[in-house]
Amino acid sequence: MNTFKRNIFKKNIMHVGEMASGAKLTVPVYSYEPMCSSAPNVYIQANMHGAEVQGNAVIFQLLELLSDCDIQANITLVPYANPVACNHKNGEYTLGRFDPITGVNWNRMYHFDEAVIAPFAQQNIDATEEEIKANFQQLLLDQIEQKLEHNIWGITTGQRIAYQLQQMAHQADLVLDLHTGPISSKHLYCPEYTKASANYFDIPHTIFIPNGFDGAMDEAMFCPWWSLQQAYKELGRSFVMGEGAFAKESFTVELGSQEQIDLAVAEEDAKSILAYLQYKGVITTNNEQDFKPQEMTRYACYLKDYKALYSPMGGMVDYLAEFGKPLPAGEPLARILRMDNYVSDSSGDGDSLHNISLDRCVIPILHFASASVNQGTELYKVFQDYFEL
Amino acid sequence: MNTFKRNIFKKNIMHVGEMASGAKLTVPVYSYEPMCSSAPNVYIQANMHGAEVQGNAVIFQLLELLSDCDIQANITLVPYANPVACNHKNGEYTLGRFDPITGVNWNRMYHFDEAVIAPFAQQNIDATEEEIKANFQQLLLDQIEQKLEHNIWGITTGQRIAYQLQQMAHQADLVLDLHTGPISSKHLYCPEYTKASANYFDIPHTIFIPNGFDGAMDEAMFCPWWSLQQAYKELGRSFVMGEGAFAKESFTVELGSQEQIDLAVAEEDAKSILAYLQYKGVITTNNEQDFKPQEMTRYACYLKDYKALYSPMGGMVDYLAEFGKPLPAGEPLARILRMDNYVSDSSGDGDSLHNISLDRCVIPILHFASASVNQGTELYKVFQDYFEL
Amino acid sequence: MNTFKRNIFKKNIMHVGEMASGAKLTVPVYSYEPMCSSAPNVYIQANMHGAEVQGNAVIFQLLELLSDCDIQANITLVPYANPVACNHKNGEYTLGRFDPITGVNWNRMYHFDEAVIAPFAQQNIDATEEEIKANFQQLLLDQIEQKLEHNIWGITTGQRIAYQLQQMAHQADLVLDLHTGPISSKHLYCPEYTKASANYFDIPHTIFIPNGFDGAMDEAMFCPWWSLQQAYKELGRSFVMGEGAFAKESFTVELGSQEQIDLAVAEEDAKSILAYLQYKGVITTNNEQDFKPQEMTRYACYLKDYKALYSPMGGMVDYLAEFGKPLPAGEPLARILRMDNYVSDSSGDGDSLHNISLDRCVIPILHFASASVNQGTELYKVFQDYFEL
Amino acid sequence: MNTFKRNIFKKNIMHVGEMASGAKLTVPVYSYEPMCSSAPNVYIQANMHGAEVQGNAVIFQLLELLSDCDIQANITLVPYANPVACNHKNGEYTLGRFDPITGVNWNRMYHFDEAVIAPFAQQNIDATEEEIKANFQQLLLDQIEQKLEHNIWGITTGQRIAYQLQQMAHQADLVLDLHTGPISSKHLYCPEYTKASANYFDIPHTIFIPNGFDGAMDEAMFCPWWSLQQAYKELGRSFVMGEGAFAKESFTVELGSQEQIDLAVAEEDAKSILAYLQYKGVITTNNEQDFKPQEMTRYACYLKDYKALYSPMGGMVDYLAEFGKPLPAGEPLARILRMDNYVSDSSGDGDSLHNISLDRCVIPILHFASASVNQGTELYKVFQDYFEL
């Protein structure tokens, strides 16, 4: 891969905290700024959850592939976004989803204060679209700055990391947060207002999410703009979300299973992202490079229909259902073994094997990472009431 | 302690889940029903968070003391309320505050569905106060029943535990949830509408909480009734919260520090609770027993003024501030040692010792359990804008 | 599978400890005793390490298959051997290999006191072989009894579990301890003196272990007898290890990867074990059942040549080498990604991808469970100086 | 404390490993070399176990106090010796005693290869004492170098840290490894051959340890020299351990309880260490400084009599026994609460409170860190058959 590179990405080291020993928490940031930018700016980060490492490999491949592209906008790439989670082992596995001290999900710590929206719309009721875009972005940045720098009570470890990432992301128009499921197919969280974009990723399953804020990066990016557009609407001024000043898109891209690095798969994922970026004009076709989405059946459902199935019993699970394929009602998702219920007698093996099935057709998307589950552990996540894109 | 007992508490074992091996999760339930009940019913639980064990000892002492009391109402006592958290060690300490799989705080899993309130008020607009009490309680119980028993998607491990506790608690009028802080003074969470009750506990610090639901047991108990009273108000019918059908009180009692059992202190805490119960008529004075609250200065603040201070740096902490005593502005709460910054030269010891102070007078209530903190770890919780009760 | 069963296994529940809440730790024990026993007795356990669950499924399949066999000896089967480890989650995964409080490997807690050997041999120098077998077995059982029941200082949580399992195992002649690797091929730990037996398992990789005791179940079974045979040798009386009174065999069977239950694979593994038991005369061929080992290339090496490779650097690992296939010197076992070293310039991608290889031909057997490794994490285990059986 | 300093300690940063993200593991090293050294060289480290932080504060105070001392030998001080353990939180507490991936105790990873001793003695049978000291120290250093730098299979994360610390420590004559107990009195591990030194520390309890190597720092320091002296003895050449070339002393200093920093107590501990160093001639009295051990009753026992008491039951513990004071036979060490056994009836409170006592007089030294124990958890450590120094 050590070929001549046309586009040189600049590397910075961002300080995002410090540990008890004083060890600095740092995040590497790669960025490219073209001479003139004529397309939406891009921000892509990976590995906010500790065990979800494949996004780092995707950023590696993006850097390799982008070196030969015709780039039309600023691009910022951030692997290892969460240096606490990334290095936190407990047993052999990486403890990943939440702050080990507080239990708070690392991807629920971004900032959005609904209260600033209505006043801003009122104060900028007659502003041009360009002014709105610039002023509102500045407001979002000022709020983060305020939290980070002018706060006698301080902020949590996770907020300090999240806010600094958010500062960079607010300066982009297209934001991708690279995650993975536990053991999982590829799937995409996409805002409802920008459904068309889901067709440009090589990802066969999309969840369309509404416009509520629950602390995640993707929501922190588009919810303020959505709320602003609503506020203008109430004041009688109409904008189309996803266009003009409001041409903001953000996605959580679930790349497959956690605890895995696969550089070959990562190259395919990078090309999928580049197909989306080419569609958005961020890169333009040249002789050597032309990124197009693959032909595939793409299923989708609304967030309310993306259901978690919690295990009805404790036991050890033989996961049976194939990801991404509609599973008829009554067909088993899994078999649960309960050796403590084994009875050896003339009538059989007691109550030691249980099929888990649903009364409706679903598409299994992911399942739990371990074979051992308690009663109430999240066993599967599935699409119900799905449809083709 | 093996003396003759007048009042015999019945013991039941409640099943609240099962583990991967099939091991049953059980909770012991002690209950007493007097011949005729003329006072508010009582529900007290302990140890929902794994490391917060002192409440179990308090329930032990309550059982001992109550055996000789004149009891006027049903009393239910539940130690070891959370058998997952209670037995969950990681290293030497008990991992306590959240589900180790999901990170969700065990005390944020109770149920309340705001959506049922308005329809109930409308349908029961002309009901008597007694009917309202009975019907609404039944509605709350039915909702839990529905979640527990008629739900194809299942519920989480923590919800299964919480809902079963909540079923019992909904049948009481006075609910105490016994917790502790990390390293902590005694303090009490008390709903704003029932401030007077705070004077009957031997607890020098009270936080008055508003009527919003955030998933905790105390909130799950009074918020539905508060919301109902508000709904009636909007329909033009007026009730006083804390009286009549709405004579519901619930408290989170923080007994001091976690990871400690002290039976002598537990006896004092039990007497404090009995003083409150005597004030409420649940027990009546007899020749041998008369429980009165102690004379003491009781400080309080509103929840919005109960502030967490997050560490401005990583390091190792020498906690200095005494709990429960107003600390003047500028006085150090703690000193943070940073040996990595030590410089041995003619000008001193470098940047290795940092005083942490605030620009206002506060009462320190609790501090973090460990001497090692990251930047952003919750260092202290303090009262600001406090007042005497 | 609910067919008529000829052989009924008895089920007992063994108490092996209790948790802080008082919850009992229990282990299910399945046993079969034929009318007359003419073959070596068998003991098989599974899941001593929490995440190594596949052995439970193998015991399920053994119970199913054995119900129709002609059984010639006592057989004891113990799934869920370690109820602490089995239910211990930390994050999504099962924390498995060691006591979470002390860090001691659960499979290093069995008992063997070398000091009793020489005195026993001297006292029983003229005993018959049958007497030796009976008396020495009794001595081993007495020692465990002493530790469990007559010990004012107590024993650890893990010892209490291990000793009770060991009590049962000492009464058998053939002992199988079912484990798994992290992400792993199937492999077998076999004592050097009983190499021939390795050919009867459908397991392509065998490690021949010497006669030293390091605390594991398999060692706790054969080391005392090996030491006894040596002690007799020094006293001038000669026995052959593996024959007569010394016909003791014990194996650690590594069934593949942890955190997985697969009932179909478990059936194959059960048949592999039955082939070994049929070879030993424990079951005899009948019309329906004839268990024979499969034809396959079986590789082996000595324990000293079963090498762990510790990661020379921190990073994220793309594991490349196929298990069970000789890997030529210089071929990469893995690639390690280090995005923090990525440099985008005309000369390439910096120091961000590292191939890990060895200077000799090896057979990769297993690798680490996570993609994230620190410098010094055990990356792979491999056979060097291997040979065909 | 920012006063003029006569002695300036040099600070170096030692690299001891790297994490998955590439983050460097570093340890700060403070060292002082006098113009001419006429006394034994000193090495002191702290915080090898993550939660045992008080030693860092002691090193802070040593640096402060030593700046005004007359120093006669090289002194090396290493706080934060284990940057993995030091920063490893799980829940609120610092996970401290073992590698979270492997479970191996961080203080069992030092190196000593007995096999090199006899050949060295034979090859240096006629060497002068000075040559022996220099050559043997070089041999120990070469061995470490070999492990660290010339090893195709690599070493573990903990070995890499331990060996680098050991490299520095081998160059000293007096080595102190600063630890703490869980909840603990101050106590000292002292080699049997150097009993007199125990009187110079302000520590009331000493455990005399034999000369076997079990992987700890203190053992790694004196065992090689002890073995060498024994080897010479067998060859007919006699040295006194603790004198001349063999004037090596090493101690594990247990400073009290873990998870605490107290700078005031640390100053007392620092003075206690300086009293020992003054006794050894490392510092000499001057006008301002004269460090003498305090008068106190010092108890001691042999390692075989330093007994762990494992909990005979699961439950919640009210620790009663005072540290450091002989506890008569039959007096309770602790009371264990078992609410699940509570029975409320005419005969009492059931089997809910258990006194834990011993049949002999002991001195309690430390107890477990948590109130919750399983059956088999180490409850107390005590001196039996103790004596006054």
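Order of writing sets the labels: A, B, C and D. Residues in every chain begin at 1.
Simple rule for what comes next: a residue touches a chain if its C-beta (ideal position, glycine included) is under 8 Å from a C-beta of that chain, and two chains touch if they have at least 3 such contacts.
Since the structure is predicted, the reported quantities are computational estimates derived from the model, not experimental observations.
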From the centre of chain A, which other chain's Cα mean sits the farthest off? D
With respect to inter-chain C-beta contacts, which pair, A-C or B-C, contains the greater number? A-C
Mind checking the centre-to-centre distance between chain A and chain C? Centres are C-alpha means, answer in whole Å. 41
Compute the distance, rounded to whole Å, between the mean C-alpha positions of chain B and chain C. 47
In chain B, residues with contacts to at least two other chains: 19-23, 80, 86-87, 89-92, 94-95, 97, 101, 316, 339-340, 372, 374
Name, in rising order, each residue of chain D that touches chain A in their complex. 19-23, 26, 80, 83, 86-92, 94-95, 100-101
The residues of chain A that touch chain C in their complex are 1-5, 7-11, 28, 30, 50-51, 53, 56-57, 59-60, 63-64, 67, 79-80, 86-87, 89-97, 182, 259-263, 316-318, 335, 337, 339-340, 342-349, 352-353, 368-372, 374
Touching residues (chain side chain C, partner chain D) in the complex: 17-23, 25, 84, 90, 97-99, 101-105, 152-160, 307-316, 338-341, 358-359, 372-378
